[in-house]
Amino acid sequence: MNTTMKAVVFASPGRIEIREKRIPDVGPNDALIKITTTTICGTDIHILKGEYPVQPGLTIGHEPVGVIEKLGSAVTGYSEGQRVIAGAICPNFNSYAAQDGAPSQDGSYLVASGMCGCHGYRATAGWRFGNMIDGAQAEYLLVPDAQANLAPVPDGLSDEQVLMCPDIMSTGFKGAENANIRIGDTVAVFAQGPIGLCAAAGARLLGATTVIGVDGNARRLEISRQWGADIVLNFHDCDVVEEILRLTGGKGVDSAIEALGQQSTFESALRVLKPGGTLSSLGVYSADLKIPVSAFAAGLGDHKINTALCPGGKERMRRLMNVLQSGRLDLAKMVTHRFALDQIEDAYDLFANQRDNVLKVAIRPGV
Amino acid sequence: MNTTMKAVVFASPGRIEIREKRIPDVGPNDALIKITTTTICGTDIHILKGEYPVQPGLTIGHEPVGVIEKLGSAVTGYSEGQRVIAGAICPNFNSYAAQDGAPSQDGSYLVASGMCGCHGYRATAGWRFGNMIDGAQAEYLLVPDAQANLAPVPDGLSDEQVLMCPDIMSTGFKGAENANIRIGDTVAVFAQGPIGLCAAAGARLLGATTVIGVDGNARRLEISRQWGADIVLNFHDCDVVEEILRLTGGKGVDSAIEALGQQSTFESALRVLKPGGTLSSLGVYSADLKIPVSAFAAGLGDHKINTALCPGGKERMRRLMNVLQSGRLDLAKMVTHRFALDQIEDAYDLFANQRDNVLKVAIRPGV
Amino acid sequence: MNTTMKAVVFASPGRIEIREKRIPDVGPNDALIKITTTTICGTDIHILKGEYPVQPGLTIGHEPVGVIEKLGSAVTGYSEGQRVIAGAICPNFNSYAAQDGAPSQDGSYLVASGMCGCHGYRATAGWRFGNMIDGAQAEYLLVPDAQANLAPVPDGLSDEQVLMCPDIMSTGFKGAENANIRIGDTVAVFAQGPIGLCAAAGARLLGATTVIGVDGNARRLEISRQWGADIVLNFHDCDVVEEILRLTGGKGVDSAIEALGQQSTFESALRVLKPGGTLSSLGVYSADLKIPVSAFAAGLGDHKINTALCPGGKERMRRLMNVLQSGRLDLAKMVTHRFALDQIEDAYDLFANQRDNVLKVAIRPGV
Amino acid sequence: MNTTMKAVVFASPGRIEIREKRIPDVGPNDALIKITTTTICGTDIHILKGEYPVQPGLTIGHEPVGVIEKLGSAVTGYSEGQRVIAGAICPNFNSYAAQDGAPSQDGSYLVASGMCGCHGYRATAGWRFGNMIDGAQAEYLLVPDAQANLAPVPDGLSDEQVLMCPDIMSTGFKGAENANIRIGDTVAVFAQGPIGLCAAAGARLLGATTVIGVDGNARRLEISRQWGADIVLNFHDCDVVEEILRLTGGKGVDSAIEALGQQSTFESALRVLKPGGTLSSLGVYSADLKIPVSAFAAGLGDHKINTALCPGGKERMRRLMNVLQSGRLDLAKMVTHRFALDQIEDAYDLFANQRDNVLKVAIRPGV
């Protein structure tokens, strides 16, 4: 085995580079994965543009599919050579936050390493790959807390079939799970990018019988309808709020899922929500949000607003792969373009500019 | 029995009047109550000032304690002369909204009466007394859907002991119930007026072991501590957000309850909330709210925000009266001043201006 | 309109009769429905055989599809001539039990009528049609608490499409809802009669990705697979407990649904249940149940056992009809045989003896 | 530091012995605790009598209070010399079972060590101390998965104050948490031994306003009333089922907690349960249980039965210690007798025979 590897690092705002890095050492609770397939996330674009700050020189990417290269001495029940994925969020399930129900929000390792003087809970701190530690857009990835985070890929599922599990599917499905959906519900999903498409599929999987997909991109709405939306609305063609209220006889939807991170989608989600309904928010907001008092019934509407960070852990990954194995959903269709690791700058360019009807790209370091 | 009664009506912004009104007829599902004690709510002050619009001539007030004067032909299991209360919110439990889990949000009677073209769900429409129909600041009150809403007062509880049940206690406790409290939690309650005091008492009753009461009024904080808060913070004396973060080792509180309806209290509640925690909002907001992106972890903090309208119905009232009977809490202490119905303008004046350390007033039509 | 009607009554154990009865009067909260389609339930067979006691002379049947003939004076928002269904269970949503979360368990009307000295809660008392009051196997049916229980049938759904909503679908789906199903779960359903088939379909609708249908009837297992089971097991062909443990790698299923009411199915459901899992019981048991200590982990397995009576009410019916309208499920296929009301004895004979691969029969009084 | 220590081992049915054992080595994820105080549990009596099988030579006991002697190389955030407790159940929070919501039911370490061919879930396998590995009745205890299981004891809490946290309080409180208690509920707790007393205190802490303690021991009922029961019933003096039905007006209790593990207590708990209510079972059953069909409403009562194994983990322990710190409850009062480790046979004799009004004993190895 080599001692160095190729890795995609954030160099400076607007610039990523492929660099040669030392392959990391494997501690007792770690595992080293040889990446076979990874992808680029919308968040990576924010990092590239300098909108989300990470340390220059950090390897980016948080969606790993690979093969176990080396296991830490205390990690049991896995074997080298085994195909695995790990969630974009790699929680420390031993932490207070995890035992308290919020594994994605633990920052205890920041305390341990002196990076944080806090109590261990720190919002979004569970997101380590490509944020706090070196990430998945590389030939090798070190997975911390491997016992909790390595999820074996069942035979019969290809890399591209499971590529959405670490982030896109886990996040989108969490949006549906957070929406308090019951059988017979009407659910509107605002934005039908990869995460919104998964949220709509998740809403359907949880028993919603009228799933409404909203976007401004006709191609995405076409996919939305194919994958599970009962109704799709293009905000270029209608006043979405009015139309949804009309469709629901003035009552509003049982649940609304926000999957973009903008004031407009958040506000529309609130405006179409029935009294007593749930707004499940998935977006990453980059500016203060306004809650219009009229849309909020002055705070007296028995409304619920739930936010989420992508859930991780091997049990979560196992369940998501169950969905794929069952044939309920085929997310390999999400991959529209493929690149070698060396071509990743092209991939970023395509994906960042949403050219050629790209949904998601597959990056294959081994190729 | 007389055919007319005295009733306190909203005349015009800034002016209420005592008028003579016809005692209403009793339909098959109604009950007529002779009011023995009622009170004035903060909302009534908003109505008086014209900040919350009601029809001029409407009898106001929504917190009835009384005696059954006459029962509708289809109402069973009660007897005339029986002491009862009814919730401030009188839901129609036959409605879609109630069967769907949101009894306080039903407006089906508005549809039935042609007042609303909507589907039946309408935020806050469950609040009828002194809002949509004549209210409780009168000698008699007509209770609609009486089978669902009349709650017998157990022997041994006085009028003043149960006077907080219809609104203050039901709303405050709902704030605690909506906060997802678990044994051992730390809960901060922002504002310690009557509803905030009940929310703090409710949080303690549900197993919170560190209840933090926040207000700017030293007298209310003193009461807060007597009634259940473990720690009280006066925002005139410290930076409340900083102090709560310090007290929780940087982690934040498990739940925060907002009990005022201002940007400042809402925002502070969010700023002290741990990732994964719940903000339970009780306040009536009169302006758009801002969610600062920093306090909201960009939407990635696994935060939950729950709003509520006061729950009603006879089962709710029965449970609240159980609490009082058990001796867990004595809310009669909330009544600081007493007035006859004829003196109600003085009572409004005292209460609206928060003079003489008033918490709640008792209005006694029979005196 | 006539003053009398034909009705199917329980005469004595082993004998039902068609009798001429007076069409009932309509009180202020009632509605009279002209039955267009109804069906026979397994419970009716128990009644016929005298295994479940009802008053001789009572009209039986509890699954009505019909047209509103006459509305009580206090019932609003419906019109005569409108197509409706009502749940097999017709709760009084004004009751303490309903407001307390158990509408099917209210017996307040028994108290009101002097039939019961209890507090209002009485197990199964929510089941009135064909149990406490005249039922649906007749030309006309009086629906009590009509405001809460009449559910309009959307245009485009036929009688046979909605015929399973009042009982079979509501019960079966409740079995799935009570099973705490999460996305990616494995769920075993014991017995694949009409209710078990609906439970399996419901489990799938709620996100289970491995639904296992168990029965001893090959024809029903074939239907089970068509309607949603991923795996079917015939207990004549294998040791079901062993096979399910094998399929789950020794872990057991996340949830098990019992849909027959026998010791054997209950016990197998418990034996295949993972530690921490939920057993959702739907069966009507006619003998004491035994919980083997070994299957129960000595009470230390974090197991949950939930039982249920069919949920009713117009909102429940609305949601179930949503499912049918959405095309997620087509329950009209459940109807295998059709009869006029006059031929109902033949229908009972066919259904009781499970001849000719009968699943459910449609009884059509108007024909 | 010595290389050997004294440890209390199960020798053969009826006989425990104090033996000299080697102080165990500390792996990367372990911690070694010097025990300062421990206690004897009812389960230890079953072990002593040979009713619950453990390997001869195993050190027994599972309720440790102590001081960190040595930390594994991968354990961070603790310091040697720190006072800590660990739960009776020491879960591996990295396991599938833990991530799936059942940390107490994980047996993945059994798989890893070849002791079990199962999938990782194995009922009660989370209980390791004194069951699978050497326990706490010794001078030193090795804590596995120490990062997840070591809980620092706050200054100001004595050993005896926190001695109930690892098992008695965690189990008893779980019984209350599993009972779905809401504000204003009536809850009956069957058996008022140490765990039942904690369950009653927990029910009160969660908002039950009528807590009924049931036992046959007048001294324990006296304590029950002092610690939180509103009503106590001695089954020698009345028919408890009849009396509870009378007290609740025929309705039954909202929740019943079983805290003994006998048919009689289980059955009484079911017989007093309202339709729609929850039976929370804590007892360790040694024989098959019977569910009488009459008490079970033939399976149609919307009843819930929840069982539990004691929850562990440092967050659980932290919350329980919060309760003690808050002064809501003082469990030091539970300790009625004190012994040195050398005297433990006397302690077993006293405790097993329930002499001298013993509730719990403190064993102090250091003395």
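As written, the chain order gives the labels A, B, C and D, with residue 1 at the start of each chain.
Note that in this section a contact is a pair of C-beta atoms (placed from the backbone, for glycine too) under 8 Å apart; a residue touches a chain by one contact, two chains touch by 3 or more.
In this text the structure is predicted, and so the values were computed from the model without any measurement.
Listed here as common contacts of chain A and chain D: B, C. Of the chain pairs listed in A-D, A-B or B-D, the one whose interface repeats that of B-C (more than half of its contact pairs identical by residue number) is A-D. Look at where the CA atoms of chain C average out and do the same for chain D: the two points lie 41 Å apart. Each of the following residues of chain A touches two or more other chains: 100, 318. By the touch criterion stated above, chain B contacts chain A in their complex at residues 97, 100-102, 104-105, 117-124, 248-252, 261, 274-276, 281-293, 296-309.
Interface residues of chain C, counted against chain A in their complex, comprise 173, 177, 182-186, 202, 205-207, 209-210, 230, 318-320, 322-323, 325-326, 328. Those residues of chain D lying in contact with chain A across their complex are 27-29, 73-74, 76-77, 93-94, 96, 98-100, 108, 111-112, 145, 147-148, 313-316, 318.
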